[in-house]
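Read through the structures below before going on.
Same chain, two partners: subunit A is paired with subunit B first, then with subunit C.
And then the complex of A and B:
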């Protein structure tokens, strides 16, 4: 993003991340993305800053392709050892740390933050991967149980991934918020189709590049940039999506999260509603250390019985 | 060899004192509703047992208001220790009046007295006993910080285990500090109304438990009521989806325990005699009116013939008939409507080319009855392999490899339960890992316990009931 005095900089093409590859939108569309002015509190247009780039404008077909990629990747990722998944998530933090200057620049431009604030946000985003990486081989212990049934049976309950999760990433918190919703989905073995922040998508593309170079198998995280209200309904109604995270439904024009939840009922997707009261939606503060709500929302408890005897 | 027939061994009805008509249980008292009435019949004889009130929207409103007042003024302020003591009292009264509940349940539902006496009622009491102990220990349950109740819970339960489903719903709700409005199924309202008496005997504060009887519209009024904070539903996937749609966009929480089409996988190294007992228990327990019934038998090809032969021989000994007879294995179908549905799906099985078989058995001339039925030569696309029949009908399919067994088992939109039969531990664990089902019974089937979470994957619904996990649905946590 920085412009040097003595050379013409090489500008980047921002593409989708699907199945471990970086395709353009099949629709051939892109949209213009601008920096948020300093101190911007909302993602609303009309207060645009500098031009940042043309970003792929994902379509219904791109979302469907991403679901196919996520479904294909799920058994392998869910079947990997928890230790392995933990190392892969930790590796994401390592790779992001190496690119932190780039992330700070992008987050600063995308969110209109001071340099110091952007540094803090990027640090928190990297640390969030570390936090969730550690949960991979502990969560089933903390959440599982050996159940003392009244009979000669061994009975055990443990969490398993729900499957393919569609995630509406937060609109304002373009990196920390994004990491905070994606990591708890994938740490347990789910795969994700993520709609990035509509007006602040550029950090999500750099996150995709970090994922692609971090041993995260292709298809585990798929990131679609574009217009949320256009693509989200297709994910909400998709029959091969198991769960829907509506965190990023706050501040999206032309879309009511209740409609998405209603569409999700068709195959009884697990739905994580946005924060807020009534039919309102608000974006939470992602800086504090999370609890297990997000991780738990996208797991299923399986209970296995077996008789004891001779 | 001489055979000895069973003499009739009927359980006495005298322990049950039926009223000719019942009102609604609102705010600790039986009240007349403002709606119409309907009759509940014994499905074994079609005898009218009692007249029951169909709660109107206004009645539901009154019940929710009573639950809200009880929540605000009494129940949410009471210590967990004291809430627990009320639940212990209820558990004890259920045990003391166990025979009365068992006979009433069998009369109203049609299930064999052996099952209501040995399964439904003791498990219901156990659920209250288990959850009573949680009431003052929620901070230790690992649910998150500061667990606290939602408020008023609206609960709608099915007719297959009327009292047990009531216990699954009410015990955790009360233990966590919520108050309840519960609607029993329209064909089996009586044990819930008797439970209302138990609440009175226990001196449970008025309004903590409210029972509204009625059919679909009553349930809908309850689920969609604006002052209900949480919905808990057990029933069909169709209704479950409608509920999920109706609460979309609100802050109402829901747990849904819906349908199933469980695979019961029998590997070639299974203990065949035990497996046959498990298959029978899996599909003919409670006339197959079980959401987690093992309705699809997947048997490895090399032993299919032997398993089918032994299964049929075993089914010849099943005793179908008077549910009140202590020797009865298979009772009456719960309603004419359900009988019609089972009959229709069984006919579809024949029409689609599966081979139908039933043991010789004489069915009573009155009431709703369906002989235990086995379909062999069933393929994945047959309706009887895809749709939930909710009756004593088993579909038999075969497989060659473990991978094929898992693929076939998971090839359903449901994911409630599954069974695995093998003597090889590693094969059982490998299979259990891959089954997309909330409960996996290995070398057993249809076992339930208050400490053991129950609930499904996929279109079998969401949330768990029972165990530590079941508490999650009834509390809010965090700041």
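And then the complex of A and C:
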């Protein structure tokens, strides 16, 4: 009998990521997560794969705590230099690269992909961090402008972070999709409260561990695993959340879109909807290189007048 | 619960009462020592455990709403910074008068607590609104000044219109066993206070043991304290639940012995509604007497940021959505 057969399993506790720490859910709840069957196109496929683990089932109070942490972290992160934020984002890519094998295994199990396909997805996810890292000190030049005015003034418009952004991460693309929605939010100086994919949350926990060990200040990204339809309304109505990314609301059963958008309107949140909207909403394909749409969606344009020297 | 002005007590009268209470002919340090050291010791582990257990009580829905309103009405809204200005004190008083302008049903805090030189400013803004003006005195927060200075400090605040005086005890004297000095100082300040209520700050973070907290509580009450208060807020740890538990036991036992109600004020470090509600649970469970202490008359929170969190929770309960700092008044004036 080999040594490994004698070993007791060391099972992992999948926890939340809030304020740079890994707490269990305040509610004490967890839920079972299963692998997607090989080749499954959607998370809701009928046949159930192998048991992967018990994952913390976040509650509204976990979401509230995450918003508090995000709010607290925002001035520091938003006030960091663009150069610094770019470096930190690049560092995330470095750390993920070091854990590539783990990510490949988890994505493969979570999404039912072939090994080669999972490799490609993880590479794309890592490259996505690098892509956004490069934009950190460039997007303001692209988005900002020196406006022509009739007077002895400079009139300058420049993008600034919106604040705290609640993100419903894509349900199917558990890692690449997650990175593709989180990176554009934080690169400009926003902080994020992310609801991970409900049925495929395990890669998000590993991403949290990468973030925690890669110079990203605690609270800048907070990841809550749990039931999307249960927690999302609390984030949508939260007055201290400035914007809402509804990408992950596509394909969620029992998601009341109208209610989410109405609640978000209470404090004039910016809302980013996936293509289609409502029951026809579709999760985007995250493989192609993105454009600046997502980054722009969570910025505010500040315009200042400055007297010209004579 | 009525506010009867405390009878004017002289320091000598207080000493006479103390000798009667102790059953001795003359109030000496030895008499005080043997009395204080004769108090039963505090079971530290048991006390911490009881506090932890009380902290697990679940207070929800209507009970929570009631507790939040009660906690707001118990706050001594405090600003004790070297950088305080009349403008900042006015801002704080305005906030006390109208804690949440969007919801006029919000109760007002009990008092505004400031340094002695800001009393007149606070008094002017608060007027006859019923919100008390509390002043820290006696060389707050260290208490390291001569008795003459401490008394002058107190007199100054009372004359400027303070309704309540927060004094600090001489921790150095207390810790070296010189209980008579502490007694005499508290009694002397009490005499100068006149009708102003005297809160005695024991600075429990410096008292080292729970036994000392119990002794300091009894000593303060014997010397005429109307309130016993945990901390200045300048020393960490400040107000903890176990320490407050010991003080609540002391005021409860004091009432059994003398019939007098003495208030308790935890101050410093209480920042969230959740913590505040734990204290209220402790008041009800430990002090008992049908919740006699569950009133701003006999229980206060010394706090500055607690009010904001209580207001956020109050909004959460009335609107059903989590609220944010943008939706409650900002009491710190802009620096620009």
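Heads up, the rule we're going with is that the second predicted complex is superposed on the first by the 294 of 310 C-alpha atoms of A that agree within 3 Å, B and C clash if a C-alpha of one lies under 4 Å from a C-alpha of the other, contacts with A are read in each partner's own complex, and residues count from 1 in each chain.
In this text, contacts are C-beta pairs under 8 Å (C-beta built on N, C-alpha and C of every residue); 3 or more make two chains touch, one makes a residue touch a chain.
Keep in mind it's a predicted model, so treat the numbers as computed, not measured.
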Item to complete: Check the residue A:7 against both partner chains and state whether it touches subunit B (first), subunit C (second), both, or neither.
Response: neither
Practice prompt. State whether A:266 touches subunit B only (first), subunit C only (second), both chains, or neither.
Written response: both
Item to complete: Go through the superposed model and pick first if A:308 touches only subunit B, second if only subunit C, both, or neither.
Response: neither
Discussion item. Going by the contact rule set out at the top, does A:155 touch subunit B (first), subunit C (second), both, or neither?
Written reply: first
Worksheet item: Counting only touches as set out at the top, which of subunit B and subunit C does A:147 meet: first, second, both, neither?
Response: first
Worksheet item: Comparing subunit C with subunit B, which touches more residues belonging to subunit A?
Response: B
Item to complete: Please write out, lowest number first, the residues of subunit A touched by both subunit B and subunit C across the two complexes.
Response: 266-267
Worksheet, complete the sentence: Listed in rising order, the residues of subunit A that touch subunit C in the complex are 64, 67, 71, 234, 237-241, 263, 266-267
Worksheet item: Contact residues on subunit B for subunit A in the complex?
Response: 126, 142, 144-145, 237, 240-241, 244-245, 248-251, 256, 258, 413, 428, 432, 435, 437-444, 447, 449, 451-455, 457-459, 461-462, 464, 467-469, 472, 477-478
Worksheet item: What does subunit A use to touch subunit B in their complex?
Response: 142-143, 145, 147-151, 153, 155, 157, 162, 242, 256-259, 261-262, 264-268, 270-271, 273, 277-279, 291-293, 296, 300-307
Fill in: Touching residues (chain side subunit C, partner subunit A) in the complex
315, 320-327
